[in-house]
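What follows is a pair of complexes built around chain A, which joins chain B in one and chain C in the other.
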Partner chain A sequence: MLEFDSVTKEFRVGAFGRLTITAVDDVSFRIAPGEIVSLIGESGSGKSTIGRMILRLTPATKGTIRFDGVDVSTLGRKELKEYYRHVQGVFQDPFSSFNPVFKADRVFEMLRSQFYPDRSGSEWEDRVAKAVEDVGLNPVQVLNRYPHQLSGGQLQRMLLARALLLDLRLLVADEVISMLDASTRVGVLNLLAELRERGLSILFITHDLALGYYISDRTIILRRGSIVEMGDTRRVFQDPRHPYTQTLLASVPQMEWRWRDRPVSAAVPVDGDGTGDAEPVTVLEEVEPGHWVAVS
Partner chain B sequence: MSLRVEDLRVYYQTLEGEVKALDGVSFAIADGEIMGLAGESGCGKSTLAQSIVRLVPPMKLVGGVVELDGEKLPIDDFEAMNRHRMVGVSIVPQYAMSALNPTRKIGKLIKELLGARGISYRAKLPELENRLQLVGLPREVLDMYPIELSGGMKQRVVMVISTLLDPSLLIADEITSALDVSTQRAVAEMLVDFRDREIVKSMMVVTHDVSILYQIADSILIMYAGQPVESGPAEVITHAPRHPYTQLLVGSLPQVGVRYDEQPLSGIAGNPPGLIDPPSGCRFRPRCPFASERCESRPPLVEIGDGHSVACWKVMEEEDARV
Partner chain C sequence: MSDTLPRDTTLPAAEGVPAPAAPAPRSRRSEFLYFALRNPKLWIGGLVVLFFAVTAVVGPRLTDYGVQEYVGPPASPPSAEHWFGTTTFGQDVFTQFVHGLGASFIVGLLGGGIAAIVGMTVGFVAGYRGGIVDEVLNVMTNIVLVLPTLAVLIIIAAYLEVRGVVTEAVFIGLTSWPWAARAIRAQTFSLAARDFVDLARLTGVPTRKIILGEIAPNMSSYLFMTFILLFGGAILAAATLDFIGLGPTDGMSLGLMMNNAVLWSALQLGLWWWFVPPGLAIALIVGSLYFMNVGLDEVFNPRLRTT
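On to the complex of A and B.
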């Protein structure tokens, strides 16, 4: 359904754009219908850039992104609108998607004027109410309210309901639950998993390995713009082959074993991982069916 | 005892009314102990952390006592607290990383901070360099501006600054929350290292993430809507909690090893109450699956096991039935 084919994204930065940052470096992967793929990496690894390229919010520098075999960079105005009926994004900070001076349900009205101008008032209202219920909200509690009267979890669900009003096939979910509390997180996570059961594909972007493990079928581990490991989620987590994946897994706080019983061998980088040099040039090698690991 | 907090009540004064952010909080931290403080956002964690070190309006001390190493802290007297800050008790506040003055180099910043306390920067420099080395930072960071440091480096700098005068108690508020996984582990383990080296005697580590506390804390205090609901050894709180809220909170935590298609988790229905007019009796009552009439009065925090205390009528009945 979605194909990412040798995609590279460079940003020009500095005075007169003299420097280039390679945010995404020759990345290839696919997402099949009804599949949740998690894209896991530390901050600056290029996750959001990949999501934004899929949503055509920024163009790729090299390579091709195809949806149903069609190169998305070639879509004209009309086709792009059709594309957005099927492909939508939801992002980390739900508050930034709402204008505080308008009631939160205005996002539904805007969607109608954009995509369904011929739908009548009451028929549309019924559809909105149904979509709101589908994401586990009570329409009476959330419609006709201002954003500040709703919680982050409620707003995030409203955005998901908005996406569901379209004929959605692929959802790019970029850190959608990192701002939510532990107790509300699970609700939104379970909702995504239920949507998948109804045939939706999801690119689940996160820096939190536990969340990726919980809902995804396949996992891509991204480091400094390159894929270091990719495969069936259970395999990648249970038998990680790349040292970077191993370090990440050793650093996740779990409640089954303590860090002090398993010291990390390599010194953990003081400055995080985002700022170093680009990964050395590597190729992905298939270590078992469907499980790929970067080797130099 | 390093820290003893008795029936602490701190309210925010707002136009809409008093926000009862801390409403009868009691606990103690022993010498050498790392106590973790957890709960959903808005339950009063930062208010508790702040009120022990800098209780300023719109916060108001309504009642209670805070004792550090046997001495009562004048927490509602900002001036009198100066004598205790950084020496007795030090805080790394939530968002400390972004609070560093961006126009000052790190060295200058520390110099000013020490100067204000009449301490010579020069005399402290060797120790400062030691501490930087301890957290894996080069001495060159002293000549850098905050913006030149990554999140993990800033968090280490803030940690070094707030412990430079060897405070008895360090309070760290969500210091690992904004960090990447590998940096998060390094910074969290650094806290343990500072305790092990006796740079600080005891710690209160605030986070919404119970699994981090399982890794580094000796004991955990769970708060709900401005009140403690359960406290005990980290092992007990994470693996054998008794309070319905703690059970739901721990049970709603995604963990590597738990999958939706094998073992779907359930969240906690509803939201925490507003604290201007919180529910009477047990504040968890509107969301508790076991609530009944008895819960209309506030359950006391009762010790039911070795250092394990719970505030819940249902648990008390179960305990009574056992004897």
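On to the complex of A and C.
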């Protein structure tokens, strides 16, 4: 359904763009219908940039992104709108996703005016109420309220409801639950899993390995803009082949561990700013069916 | 003070929803109106400006004389016949004053309006588009910004044969927008990076609507203040130009009155009624606008509210 074909994204920085930073380096993957793919990487690994490129909020420097075989970057205004009918995004910060000046349910109204201008008022209201109920919210509680009067979990669910009002086929969920507290987290997570049951594909972008494992069918581990390991979630988590993946998995604090008893080791330096040594050029090799690992 | 706050602020007690911090009126508009009406700086300043605006409109109907007409005894002090006295040549000062007042408001509205529109357009586009568009617009803005405005206006004014109030206003408007553009650009930059702008893009909302419907409402107070400051600035710039003799060649303005008064030594001859009204009017109008600006700041910025 979605093909991400050797896509590179470079950002120009400095005066008159003298310097370039490669945020995403020759990344290729596919998302099949009804599949949840988690994109896991630390800050600055380019995972959000990939999501933004799929949503066409940021243009790719090289490579093509195809949806149903059509190059996304060639879409005109009308086609882009049709694309957005099928592909939507939900972002990390629910409070920043709503315009603080307006009531929160304005996101639904915007959707109506752009996608369903011919729907009558009451018919649309019923649909909104149903969508809001579908994501586990009480319409009376959340409609006609300002964003600051609602909780992060409620707002994030409203964004999901908004996406569901369209004929959604792919959802880019960019760190959707990292700003939520533990109690609301699982609720939203289960909601995403439920949506998958209805045939929705989800690109689940996260830095949290546990969340990725919990929800996804396939996992892509991203480091410094390149894919390090990619494959079936169980295989990647149970049999990590790349040293970076192994370190990453080993560095997850477990519920029963205390740092005094069992300090987490870091064999491969965890790079935050990407200023370390240049990575040698790597290619992906298939170590077992559907399980790809970067080798130099 | 708390018992005078609007009572309709409490929300219907919804199940499980924490009550928002009081006071949180039902709509922002009524909240602004509430604080606007209770802000003395705002309404006192507004009343002064309104008074002069009404005078500018009604004034010309109260006088039978022409602006340049020699109608009375020369250099006579205020009297029932000539409310503000007459000039050295016997022209009626009140007539000149009310006409000049009108000219000043035209300059303020037109010059301030043009500057606000150009500044907002440049600022919004540069801030929202970013990249090369921003760099080009930024270079343009900086060029206009470093131009010594008054010198340019003097040169332009000197080359124009016939200068009207409107021409003057247009020139002032076209030279005073850069700081507004820069400030709005910076604000737009930070707002355009917010997720709700991305969400609007994902909804297929066109760029113009995103800027006007999503970004601008978040800085409405700022935009309003920009206009007020540009309005006052245009009146001052026009008065300066008029005073140094580069004002309208036809018509009358407050600056021109002061220019004439100084030219014919009104100061030395003690004809105070010739230059005090225009000077006082300019000072009061611009002062009130700045006063209103401070008041508006308090209305829009909850942290500055005293009540």
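Just so it is clear, the second predicted complex is superposed on the first by the 274 of 296 C-alpha atoms of A that agree within 3 Å, B and C clash if a C-alpha of one lies under 4 Å from a C-alpha of the other, contacts with A are read in each partner's own complex, and residues count from 1 in each chain.
Operating definition for what follows: a residue touches a chain if its C-beta (ideal position, glycine included) is under 8 Å from a C-beta of that chain, and two chains touch if they have at least 3 such contacts.
Just so we're clear, the structure is a prediction, and the values are computed from it rather than from any experiment.
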Touch check for A:Val186: first (chain B), second (chain C), both, or neither? first
Chain B versus chain C as contact partner of A:Gln254, first or second or both or neither: first
Of the partners chain B and chain C, which touch A:Lys81 in the superposed model: first, second, both, neither? second
Just checking: does A:Gln114 make contact with chain B only, chain C only, both, or neither of them? Give me first, second, both or neither. second
Between chain B (first) and chain C (second), which, if any, makes contact with A:Val236: first, second, both or neither? neither
Tell me the contact category for A:Ala23 with respect to chain B and chain C: first, second, both or neither. neither
Taking the superposition as given, does A:Glu42 touch the first partner, chain B, the second, chain C, both, or neither? first
Chain A: partner with more touched residues, chain B or chain C: B
Check: chain A residues flagged as touching chain B and also chain C none
Within the complex, chain B is touched by chain A residues 42-43, 151, 181-187, 189-190, 193, 207-211, 213-215, 234, 237, 247-256, 258-260, 264, 267-275
In their complex, what parts of chain A are in touch with chain C? 16, 52, 55, 57, 77, 80-81, 84, 88-89, 91-93, 96-102, 107, 110-111, 114-115, 138, 140-141, 145-146, 148-150, 159
Contacting residues of chain C [partner chain A, same complex]: 11, 14-17, 20, 24, 28, 135, 194-196, 198-205, 214, 217-218, 220
Help me check something: in the complex, which residues belonging to chain B touch chain A? 40-41, 136-137, 149-153, 156, 179-186, 188-189, 192, 208-212, 214-216, 238-239, 248-249, 252-261, 264-268, 271
